[in-house]
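Next come two complexes, and both contain chain A; in the first it sits with chain B, in the second with chain C.
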Partner chain A sequence: MDKNKNLHKLTAWIFEQKVVLIFVFLSIGALIASKQSMAFVAGELFTRVARNSFLVLSLIIPVLAGLGLNFGIVVGAMAAQIALFLTTFWGLSGIGGFLVTVALATPLAVFFGFLVGSLFNKIKGAEMIGGLVLGYFADGLYQLLFLFIFGGVIPFRNPDGSPSSLMTPTGVGVKNTLDLTPTVKYALDTVSMLSIVEIAFYIVIAATVLSAVFRLVKKQAVDWKKTGLTILGAAVVYALTFIPAIETFLAADRLMLLRAVEIAVLVTVLWQAGRFVWFALVKKAEFDKKRCLAVILAAGILYALTYVDAIYRVLIAVRLPVMTYLCIGALCLFNQALMRTRLGQNMRTVGQSRVVANAAGIDVDRTRIIAMIFSTVLASWGQLIYLQNIGTLATYGAHTQVGQFAIASLLVGGASVQKATNKQAILGVVLFHTLFIVAPLAGKELFGNAMIGEYFRVFISYGVIAMALAMHAWKKKAPKASLQVVEGGTSPSPKASA
Partner chain B sequence: MAENAKKFVARFGLPRVIIVGFFLLLVVCAGAFQMDLLQIFSDCIRRWGMYGILALAMVPAIQCGIGPNFGITMGIVGGLLGGLIVIEYRVTENAALLALGTQLLGEENGPFLAKWAAVLLAILIGVILATGIGWLYGLLLNRVKGSEMTVTTYVGFSIIAFMNIIWTVIPFKSGELIFPNAGQGMRNTISLASSFSEVMNKTLAFRIGPEGHCLTIPTGLLLFFFLVCFLVWLFMRSKTGVAMSAAGANPAFARASGINVNRMRLIGTTLSTVLAAVGILVYAQGFGFMQLYNGPMMMGFTSVAAVLIGGASPNRAAIFHVLLGTFLFQGIMALGLPVANQFIPESNLSEVMRLIISNGIIIYSLTQTQGGGSRG
Partner chain C sequence: MAENREYVLQMEHISKKYADNQVLKDVSLCIRPGEIHALMGENGAGKSTLMNILFGMPVIHTTGGFEGTIQVDGETVNIDTPLKAMELGIGMVHQEFMLIPGFTVTENIKIGREISHPNLVSRLVGPSMETLDLDAMARDARKALETIGLKIGENAYVRGLPVGYMQFIEIAREIDKRGIRLLVFDEPTAVLTESEADRLLEAMRTIASQGIAIVFITHRLDEVMAVANSLTVLRDGEFVARREVAETSAVEIAELMIGRRVEKLVEAEGEDTRSLSDSDIAVSLRNYYVDMPGEQVKGVDLDIRRGEIFGIGGLAGQGKLGIPNGIMGLYDTAGEVKIAGKTLDLSKLGEALRSKVAFVSEDRRGVGLLLEESIEQNIVFSALEVNNDFTKKIGWMRLYDGKKARAHAQEMVEKLDIRCTGIHQHAGRLSGGNQQKVCLARALTLNPEILFVSEPTRGIDIGAKKLVLEYLTKLNREQGMTVIVVSSELVELRSICDRIAIVSDGKVSGILSPDASDAEFGLAMSGSRKRGKKNG
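== the complex of A and B ==
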């Protein structure tokens, strides 16, 4: 009896996760067929995950707000590229230049997001096709701007009056590719951990001091003990960075994957042990000891695995851009935190039913526009992260496939038109890009032609979207059928609906 | 006077007024630049015939209720396969056909018979393939009612991506088709010069005006286009056609009147796919090349834009919309290129214009029909 139940559960789970499972098998199969070393694939994969995750995560908010898969993130990418062109022209470089670009892209993306959201409010129910067509339409305007208005109407000249080196020889229109190597290439990726700790230290100090001052001014009670401890803790961490060994370790611009795993294991073990001591021994409270031990055991096994030769070789070959991964993590947290706020709850309600949301007094149109603004701004930041890693801006091509690949990644991770989570996004990026890395190589090994693998991965990216859209429509068809009469408008008698 | 103008705009539709205005502006510009207007008009007419049938494929799709069929690429690949098979088996070089042609049409026009046989055979194969594909496609669309547009778009893209794989592995042998130098797979662009290039365009073509500065009328092409239009017009007036339009206009009412709505949608989708197969071959012969791989990717969008410009909506379309819309859209394209080159030489301003106009009109028509107030 129990067995049957478990079996039933298992089949239900398999059915639910079918897309993910198919892609897991496909990725593993292609990986084996490609005959590539794990070190190579893992290195490529971590680079691509860092590059693309932010863009994919920017899709989640509109899905929850009921706007479906946001093909309009292309517009956000365009905002990023306009900003990037300007800062490249001004010659701003490094992390400073990158931050100026972000500051410039954000208001543009807010404006674009507002426009896209307003349009989507006019075409409710057709947001996805509308977003796709809007992407092409905006591409036309973008080309008009970059090919004719830049240089043609707005001059871009060097101080001596000659046309800027970013422009075509005629001085009208921007070149096909802009090299970002001297400006913002790797600007975000190479922010060293030392600077991150330093910045975090200043932020923590400033925040605690400000909050204390704020409370004093408002004549509220200040928890001096807590404030003092926070500042002390921050100071100790900061002081630690002056120990030469730690300083040299943190000064590196990338983090070796082996070290990352070790740190993660250490932190997990310490955290769980601390919890154990605190809850079980000091407070004597109800505490799930088994779970705690299991996590510590898992961390131990993970650490032991790093001594396996094959895994060790992968771990020492891969180097992580720390800041980029922190940004991705921050966005995951943001997506989660947003859903706990009132605004996030409103979005979810609107996503579930616009009628109910309206009845509950939520301004549906406004909520949808806000969701689009969030998504567009995040997409523009995501595109900047992508471009600083790539290091060249393909002026007329970089944005065209953004929506396509991001959406395909999200769906591969098991998301649907109405439901998407951070986990699905990250899993999707990993699976989709594994396939992206190995498919051409697998095609070459299996059929003697790399193009077959190349076409196959393009087919996958279109096919998975087509499948997701069809399945979504298939499922929602049943309740929709009864509405058709109302929509048709010319039904002569209500009986006809029966 | 102002009242009349307003009424006229309301009846004719604002975007059409703008586009006609733009078209006239381009004509004036071309005239002002002292361009060869007759030659440009010849180009307009040629493009009208070439793109017409692809746009016509929208009529049965919209009328049967699936809406603008962005997925005509499903039919297009059928048509392309038909064309490839005809080239592979060298139908135009068939000795018997050539001899018969020489006998019937004389030495000079001899090859025409073989060429026509080739293009008609290609169309026949394309139609057969497209019927099968379209039927399956229709079965899918019957299960996704209400979201046809997104589904057709992505199914259309997927088939192109899938055919990319097929084009690389398909075992054709003809040197016309495969990459030279022992490359693998079909060429990107296949020249039709030795097969049925411009066969329709040149049949019974005549010139008005002196050589080099004249209006060329591709009579054969236009006749074929009008013939297909007429056939579709006849079909739409047949019992099945009327039932199909009813099913599209109001499915619930149609069902109550005993019409099998799903079957009508299936017929409409299949017909649309078949017309796309015919359309791509007519387009290819006029262009002189067949484009494989990602060449036909955006043809669905161009065709949808054309009927919408002509005055169709995502729910209603007529043959007149196809005729007007294709002429205006392709006319703007034909005029736009030389006029844009006068402003900025060697630019692709006309390509940018195409993107903006075709996608702009699709978005506009979506806002007109989708609606949905703030109350959800």
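== the complex of A and C ==
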């Protein structure tokens, strides 16, 4: 009986995770067939994950708010590119230039997000196809802007009056490709860890002080002890960076994967140990000791694995852009935290049932628009992260595939039209891009033609989107049938005539 | 105004029109604190409109508002949004569950009213970014659940709970609202098992004992007699009576609900020369089940004699519509159906049509008509499909015989007095009554021996109503057609039918003669076990 139940559970799990499992097997198969070294694939993969994750994560909020897969992020990408074109023209470079671009792209994306959200409110139930078509429509306007208005209406000239080098020789319309190397290429990737610690220090100080000031103004009690401790802690961490050894270590902008793993293991062990001491020994609260031990053990095994030669070679070959990964991590945390707020709960409610949300006094339309604004802004930031890593802006092509690729990634990770998590997004990016890297190579090895692998990959990635949409439609129909059974089964007939 | 203090809610002289359709006329509703007040009436009596007014639903205010006054605790209030009603402490326990399966019990109870505490971000951009205080929410939910005596974990997901619990979660949600004074229960026991219903009634008593007034919308007389203190009866949008339960009886309530409406819609024409015999059965149902959502039939045994006009009545949602829809094969069925002695294979769509059974659907615009097609097409297409009528054979091809079809359509238009610009007018452009006539014309084109007509007069004006009913009678008398009329309007059933079966909760609760008393009809419709008679 028990065995059967477990078996049943297993099959149910496999069925649920079928997309992920298929892609895991495909990736592994293609990886072996491609005959590439793990170090190469891992290096490529971590670059691509850094580049694309932010965009994929920007899709999560609309899914939870019931807007489905947001094909409208293309519009966010356009906002990013408009901003990027302007800052490139102004010659702003480095992290400063990048931040100005972000600051410029954000209000644009807010505005676009508002428009897209308003449109989606008018076509409830058809957001996905609407978003897809909207992407094409917006592309037309984008081309009008870049091909004609830039240069044709708004002049873009060098100080001496000659047409800017960004424009076509006629001076009307923007060139096909813009080189970002002199401006914002790697602007975010190359922020050194030292600066990150510094920035974090200032943020913590500002937040703590601001929080205390707010409380003072509102005449609420301020927990001075906590405030003091926070500031002290931040100061200590900051002071540590002045120790020469640490300073040299942190001066780099890339982190060796080996070091990242070591740090992660250390942090996990310390965290769990701290929890153990705090909950089990100090507070004497109920605490899952087994779980704590298991996590520590897993961390230990992970650390031991780094001594395996093959893995070690991969780990020392890969270098992570720290700031970019921190941004991705921060977005994951933001997605989590948002769902723990009143607004997030409203979004989830709207996503689950508009009728119920409306009856509960939630402004459904407004909530949906806010979700779209969040998504569009995040997508524009994601596109900027992507572009600063790529280093060139394909003026008329960079945004066109954004929606499809991001959505395919998310779906590959096991997300659906109604449910998506950070984990699924990251897993999806990893799987999708593994296939991206190895499929052409595998095609070349197996058939002597890289294009065959590429065709196969394209076929699979769009197939996944189609399958997810079809399954969504089936699922929508299915509950109706099951509901009838439930009703029939539970309504007895006590009022039968004698 | 001191006397008004006595009532927590007073709705007085409420009238409401949708366009030209008067749905409420001078209705009053008064409820004392801590009392369970039953609001009773047939479908379309105006109960839901009255409640929509009470809750300030947009449907009322976008259609021109209403007349009359509402007083809460003796003070006149203007409820123009559902939010306002909520603020006044008026809550509603919905008939369809307003619950989210993927949320926990706590999240459902606290929906839209989450407890949260400010954080840095929320201080900057506003309260919508406040962090949820899940512990406090769980505490409140726990308390509300205890108040109504439901023993489930507040962190369980609603998805896995039995249907009977969902109603309680709805109630807990309303109880949890601060300052709740009045709670409306909209047919709460409709989907519950008997023991669950008993528990719900118990919970209602508990709530009322805490001083919260309850409006209990129902048509089950037993329940009213069991828990209510007083009741108001509406009929056709009009106020009929307010009674104290202690001073009335189930029979009186039933009479009040049905009302003595003597007017006969149709005068019997000519001699009734039919001879009906119990041995000549046109339609026979045995242990018949239909899985039609919202209109489930749960085991019906029925014999309909050849040549009679048989009525099937009952309140909406009780299963009367499921009977004809199942026979036509539109929904899954179980059990035995015999047409003129031959068993029908219900798994095959169209089987009934081939057995000379025709059906005029209650869903005129959805199932009954091809709205974008001409009257002619609408009239002939079933016969074309089923019997290959209106076709001519040229070689091996069967072609549409437009001439014949036009002639037939023209004839039907004249016979049924379909008011149209011509037989090429789109069916969608016709008025409700004329659309109904087109449906009828199509059914008749099949030359049926048995005709099912579902809600023949729904949404059509009195003149057309009369004509349709007269025509049905004429078909029966002149052509000997067996006509089965399914309708929620008892008056029309009583005016043309030979016998009327009342369906309650998916079963036949009684077969009555049209001259039976109002009380008998009322009791049968409310599924009362004491008086429901079989084959009366």
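Throughout what follows, the second predicted complex is superposed on the first by the 464 of 498 C-alpha atoms of A that agree within 3 Å, B and C clash if a C-alpha of one lies under 4 Å from a C-alpha of the other, contacts with A are read in each partner's own complex, and residues count from 1 in each chain.
The definition used in the following text is that a contact is a pair of C-beta atoms (placed from the backbone, for glycine too) under 8 Å apart; a residue touches a chain by one contact, two chains touch by 3 or more.
Just so it is clear, the model here is predicted, and its values are computed rather than measured.
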| item | value |
| --- | --- |
| Touching partner for A:227 - first (chain B), second (chain C), both, neither | neither |
| Partner chain(s) touched by A:349 [first = chain B, second = chain C, both, neither] | second |
| First, second, both or neither for A:123, with chain B first and chain C second | first |
| Touching partner for A:462 - first (chain B), second (chain C), both, neither | first |
| Of chain C and chain B, partner touching more chain A residues | B |
| Contacts of A:447 with chain B and chain C, given as first, second, both or neither | first |
| Partner chain(s) touched by A:210 [first = chain B, second = chain C, both, neither] | second |
| Which superposed partner A:144 touches (first chain B, second chain C, both, neither) | first |
| Which of chain B and chain C A:357 touches, first, second, both or neither | both |
| Residues on chain A lying within both footprints (that of chain B and that of chain C) | 353, 355, 357, 480, 484, 488, 490-492, 495-498 |
| Chain B partner contacts - residues on chain A that touch it in the complex | 119, 121-126, 128-130, 132-134, 136-137, 139-141, 143-144, 147-148, 152, 172-173, 353-355, 357-358, 363-365, 447-449, 451-452, 455-456, 458-459, 461-463, 465-466, 469-470, 472-474, 476-477, 480-481, 484-485, 488, 490-492, 495-498 |
| Residue ranges of chain B touching chain A (in the complex, touch as defined) | 70, 140, 143-147, 149-151, 153-155, 157-158, 160-162, 164-165, 168-169, 184-185, 249-253, 255-256, 301, 344, 347-349, 351-356, 359-360, 362-363, 366-367, 370-372, 374-376 |
| Chain C-facing residues of chain A, complex | 207, 210-211, 214, 337, 340-343, 345-346, 348-349, 352-353, 355-357, 359-362, 480, 483-484, 486-488, 490-498 |
| For the chain C and chain A complex, residues of the former touching the latter | 82-83, 86, 94, 98-103, 107, 111-114, 116, 120, 122-123, 127-132, 162-164, 191-194, 197, 220, 291, 293, 296, 298-299, 504-510, 527-529, 532-534 |
